[in-house]
Amino acid sequence: MSMNEEKKEYRPLIVAFCCNWCSYAGADLAGSSRLSYPADVKIIRVPCSGRVNPMFILRAFERGADGVIICGCHPGDCHYSTGNYYARRRMALLFSMLEYIGVENGRTRVEWCSAAEGAKFSKTMNEFCEKIQSLGENVRLGDLRCKN
Amino acid sequence: MQKIGVFVCHCGTNIAATVDVKKVVELVRYEPGVVFADDYMYMCSEAGQEKIIEAIKEYGLTGLVICSCSPRMHEKTFRACAEKAGLNPYMVEVANIREQCSWIHKDREEATKKAVILARAAIAKVNLNTPLKEGESPVTKRALVIGGGIAGIQTALDIADAGYQVDIVEKEPSIGGRMSQFDKTFPTLDCASCILTPKMVEVNQHPNITLYTYSEVEKVSGYVGNFDVDIRKKARSVDFDKCTGCGECSTKCPLGKIGKIPSEFDRGLKNRPAIYMPFAQAVPAVPVIDRENCTYFKTGKCGVCAKICPSKAVDYEQKDEIVTVKYGAIVVATGFDIINLDKFGEYAYNESPDVITSIELERLMNAAGPTGGHLERMSDHKQPKDIVFIQCVGSRCDSEEKGKPYCSKVCCMYTAKHAMLIKDHWPDTNITVFYIDVRTPGKNFDEFYRRAVEQYHVNYIKGQVGKVKPQPDGSLMVQAADLLDGKQINMKADMVVLAAAVEPNPGVRKIATMLTASIDNNNFLTEAHAKLRPVESPTAGIFLSGMAQGPKDIPETVSQAGAAAVKVIGLLAKDKLKTNPCTAQCDTLLCNGCSTCANVCPYGAITYDDVQVMDHGLRETRRVAQVNLALCQGCGACTSACPSGAMDLQGFSNRQITTEVDAICR
Amino acid sequence: MANVEKQVQLIKDISGSDPYKCMRCGKCSASCPSYNEMDIKPHQFASYIIRGDIDELVESKAAWKCLSCFACIERCPRDVQPGKLVDAARQIVERQREGDYLQPDEIPALLDPETPQQLLVSAFRRYRR
Amino acid sequence: MYSISKNNLDSLYQAIAGSYDLFMPIKTAGQTNYGFWKDGDEGDIDTLKTVRSGKDAFFPQVEQLYKVSREFIPADVASGEDAEKAADTALRTKLNITPGKLVDQDFVIFGMRPCDVRAIEVMDNVFLADPVDSYYRSRREHGIVVALACHEPEESCFCTIFGVDPADPSKAKADVATWLVGDRLYWKPISEKGEALTAKISSVFEDAADAESKVEEEKAYIENIAKQLPNAELSLEGWGAGKTDERFDSKVWDKVYKGCLGCGTCTFVCPTCQCYDIKDYTTKDGIQRYRCWDSCMYSDFTLMAGGQNRQTQLQRFRQRFMHKLVYYPTNNDGMFMCVGCGRCVEKCPQSLNIVKVIKAFANEKEVSADV
Amino acid sequence: MQELIDRLKELIADGTIVRAIGWKKGDMPYNPEPAYFTEAEDFDDFVYDGFCGANLSKMMIEAGKLEGKTAVCLKPCDTYSFNQLIREHRVNRENTYIIGVGCRGKLDIEKARKAGIKGIKSISGVEIEGDGDVVFDTIYGEKKMAYKDLMLDRCHVCKGKEHVIYDELIGQSQDTDDADRFEEVRKIEAMTPDERFAYFKTELSKCIRCNACRNVCPACSCRKCVFDNTKFDSQQKANVDSFEEKMFHIIRAFHVAGRCTDCGECSRVCPEGIPLHLFNRKFIKDIDDFYGEFQAGKDPEAQSPLTDFTFEDLEPKDAVGRGDK
């Protein structure tokens, strides 16, 4: 019993980039609807999913994040009309490249989530946390210097 | 180095119940830049704000972090508060420890830990914040209303009466919308056209209103106060100025007699000629030629209408015309239609002409309708004796491909209305209404419904109909269960009326995309705030009126139309608007002038100029990007497209975001 | 008590439907060909499960009168699909009897002219996946 | 003199690695670079030129200098110990500074060519001069250099013009000299450190009666080839101490730099380049201060708040060669900061190199002499 | 070659151009360097042979700022890079006179070294026209190699010998395309994630962060690279054997995605022989697969795939796991 207590349970570190107009509002709705998801998810507000520079994602991994999720408005609903379309292309290529260099699939994710989809937001985050939990710690993209 | 004050809000127990607020205060105190940290019961209250102002003055704070509810809720409040104390409002960051922390986590220790991390990220960001100043942009004092139904008409009239120019764009040949198809209105049983037609005429004659009927919005650019809209005026094939509206052409059109073109206005219960006005009271009273069906346009022969027109108004050569107009505000009043019933095979709508929708019933009962107001079965033109109404057809339906999850809100009331109107005219008729729930919230609504039961003896049965089976003898068999009596019912009917679910006009999706106005899963336009800003879209300068925003009846539509008008008037009354200072900025020393950013800018806000730069002692003329701050909306698309990092977004800079990432990953 | 909860969960798992979604519209009862022979009506299935009256449901006539015609499943506007709920209740009984599942090739031998056609069709539909 | 069969080299590596860290050329993904050898690595002493020189042994590309971390004791923890401390945030905040670890164990650098060994002398003049670089010194003190003769020098080699002898590593400032002749490696300790190393691993060696003669044969063979190399007679006239004025304003620079990309290939493969930058890396709770190689060819080299002192690639290009051929000799008794290893000759993406620079000036002289 | 020299001299003499950019003879038979030629006697050292592999298009960024027109010798593949630079407004077309030079594949001296050829004194058979073997005269005797075997890898997957932009053409070309361009990428894609990771880790662990790949790349034309940029906090100089190299190379490849013409210079110049083109080619392959075939630099008017979109674009979740069964 005491062994179990001492052994620290692995909890992933997850960075979520949420666009201000849909997904961040969706996260707020999840909050006001009390739809819980793990505290491992930390949200960074950005104006648009198109604002998410691939460097931010790699930066998060470098600094020790185990998963990065980008949430934006549904295609067609971007507050700025086209931002998420560009994001979709960027992320498709970036994710494919990460897979190519041998990073486990599923550490990155893009989800379209509207301001009305609090339930979807919570569900997505629960799923994503579960996925990352199953993948375990990110050892392939992290910078060792951040660990100490 | 900033001097940062951190203020942690309890939000009563909303935050404090799950987050150890004192501990957060204690732990953030040591973060770089923090010189003061405190907590309070309600940070957004007068007293809470006073506390902030005092601390700013006492500690000479240069940056604030408020750990509280979502920035979407109170960021503005705290920015205003900072400004009151002489601090630039953009030196404030909000850590969302309510919606994104205390409300979703149960474990106190875990939630407290997360709150500290969120606060840390905000502190790290504020360390890099710079004071920003809002810009100004002018306001074009003209409004556009998209949709000429009762919602659009009312909004336009209210704005026009306040002295501003309004244009209405209506895609049909006449304004009037759905309401013009109705016979009577609940709960007063006024005649719909008696109350609508005067308003349509008023619109037509109002000096401040310009009508674009048979027209569509083609393209929208610009931003609040300065929209540029391309309107396509579809070719009417009839000269507006020459036509007197005598209607001779419609009467003589050979296709009117053959009768192959179903009338849209009469929901296909009647046919119309190729040159037509949708209905007698149409505004403007100028016919259009339906080029798809017109013999002249199909074969080059006929030309009867041109020959007989006494004022020579028919013009086959007319072309679509695109006009570009500037507007300060846009109101979306695109209305609704009913859903397609193909998926509800069990109700035999496609099988039997005697199964009709409620709108069709409205036309059948209307004195100007296809039967001249005489209620008859479309199959044998006999007057129906037993009529069944089925409620909630496609409403409150969980299956996405079949129906809609929401309550259509108007069906209960109009069904009661229909039942009473029929009983009034033909008291022998037996009317049965199958309902799931009867919903009558509204002034005089329940009284209205009770009247149908008590006075008119309309038979209300709780229980959804399972199947409608057309019988060989031409009648309809209705299979249902009376849930309250616990009996299954097999009932013969002569006519079945389906209360089909309403849905937003299918064209609204395209319009919303053009306007960058957000839309929900059901294609209803999203309001900026469900309670506090119900007639505004989150996109500045876009307002909502009528069914486009959600199901509602006529009185509600008219009040919302008025509310939208007031919001528009409020906007147009301003000479200048403050613009968002969180705009993109180009570092001319880093810019390559490659145009990548301009290619992704949705607002055309980026142009290129040759400018003289001094790069570490090297003087050069370079082609570099320039951001038009009035056009830039701060989306940041350019920043992630820029390979060199020359483009950056104020308020959400590369450094600020990476520093947040770092803080979270610490 | 715990047993009831388990059974309720089992029914939810087997049927894949959520009884709480039922809005008591009665379209199932309206559509049901066996309505008159049922002591518990299709639109009541959901309430029985919500209340935890599983035993009553299982022991009812209704459970065995359902023909699995799937009309209610097809028409249910809330995706509650009472047919599946009652089917799940029947399966619980089957499982309690520890009846082994049949392999498809064992079936022909067991067929006799008395077996209702509907039963076979229903079984095929259910195990099609 | 000791000897070991080439087939047995792995046992030699194992023997050394048993007592020391062994830094030697290892082949990975088709390229040979110095690295710390461990079982299973492919030691490669056949390749004449490792891509990077062996200078990492003493001056690694990245090196942690020290770490600064912040520590914070929450009030509730502190209150148990000291009430006054608990009340004051400042008292509960601590800065910890941990210096980087100095090398305190002997290690072996195996297979260094005579030119690279000479390069150590070049770096010594910089890092061991006052103020002494303690990180470098600790490595120098503990490093045991095993030099290796160059069996077949290549056309890019021009070490002989700087007085380096590719045939005889025993003349170099190494601890052990070795020759790889045919299928045998011959091993000759030449310093106390070298003797100590040899003693520790002597069991792996075999007797070789003909060792001396074989090595002499090999020396002659190498010397003969070295003479035939195209740049064996390259003249350094006009370069060296005190030639700053003569060379600095020459028009030749204007032409020779043109193709330069401003990359750092030449610098990073060079055994003598020793410029570095010091930077901070933010970690979980503080920073790590590290130094890393820098290149004077980079446009942001020595970038300061006020800008750079060398703004054009011409200036940067000139700096590199003036430093190697004029400034360094001026400060170090005429010793050149080039050892003729020829790595830049092979690796420059645009085929520019120090030999071309020297030749360009020589040709220019001829031209002006003609006029 | 003589025709080329004569023509350039003529162009200078008649005032069409002020200077030319070409290759200057090296001090070894295999190391010509990119250089400017202004005076008639400069052309004494002009060379154009099999070892003139350098892509000169990027030099026009600086040369285009000079007074008067500059002629630049571009091989077929280099013209794609030049077109791309035009699209990005990085070169001045008006100030450029493009001479499209013929090409029968360019040579890689590393291939000779790998074959054990050293102590080279002279080389023959590398002239721009000809079809014989390459003969090396070395200190250790005469060595021979087939021209094809000595060719840079990139020439085996050549885009074709057609110049997509030029003012005039001089010299003949021979097709060298005899391999599948995406073969290597496919091979890696077919590996398991662990194998892929091990492969790239091993390759990238060699990276010395010399920036040669970046500085030679015609698409990496930023005045200041984001990795030299102190404002972004992305500045990096060090190489550590963990993450930085991946970050650098992924982002570099990402920044040139949709702009990279696959000229292969990055792999040619890498001192550690890292197959850097595998990153770029992966992006090219993905772009082709996801958004339709696209060749950067072919059409200077064409919108780059990353600044473009369609409503039906592939979702990121469908971009991965395509190889999984």
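Think of it as A, B, C, D and E in the order they're written, each chain with its own count starting at 1.
In this text, a residue touches a chain if its C-beta (ideal position, glycine included) is under 8 Å from a C-beta of that chain, and two chains touch if they have at least 3 such contacts.
Since the structure is predicted, the reported quantities are computational estimates derived from the model, not experimental observations.
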Smallest count of steps, each to a touching chain, taking chain C to chain D: 2
Shared chain contacts [chain A and chain D, defined touch]: B, E
Per Cα centroids, the chain farthest from chain B: D
Distance-to-centre winner among chains (Cα means, whole assembly as reference): A
Pair sharing more residue contacts (C-beta pairs) when B-C is set against A-B: A-B
Approximate Å spacing (C-alpha centroids) for the pair chain A, chain B: 30
Whole-Å gap separating chain B and chain E, where each centre is the average of the chain's CA atoms: 53
Cα-centroid distance, chain A relative to chain E, in whole angstrom: 37
CA centroid of chain B to CA centroid of chain D, Å: 70
Junction residues of chain A - those touching two or more other chains: 54-55, 59, 76, 82, 86, 90, 145-146
Of all residues in chain E, the ones touching two or more other chains: 224, 226, 232, 234, 240, 306-308
Interfacial residue positions of chain B with respect to chain C in the complex: 346, 392, 396-399, 402-403, 436-437, 462-467, 479-481, 483, 486, 488-489
Of all residues in chain E, those that touch chain A in their complex: 188-189, 193-201, 226, 232, 234, 240, 242-244, 246-247, 250-251, 253-254, 257, 279, 282-283, 286-287, 290-291, 305-309, 311, 313-321, 324
Of chain D, residues touching chain E in the complex: 28-31, 33, 48, 51-52, 61-62, 152-156, 225, 228-231, 255, 258-259, 261-265, 267-269, 277, 279, 290, 292-295, 298-300, 345, 347, 349-352, 355-356, 359
List of chain B residues in touch with chain A within their complex: 70-73, 96, 98-101, 103-107, 110-111, 113-114, 117-118, 121, 509, 512-513, 516, 518-521, 526, 538-539, 582, 600, 602-603, 633-637, 639-641, 649, 652, 654, 657-658, 660-662, 664-666
Chain B-touching residues of chain E, taken from the complex the two chains share: 65, 87-90, 221-226, 229, 231-234, 255-256, 303-304, 306-308
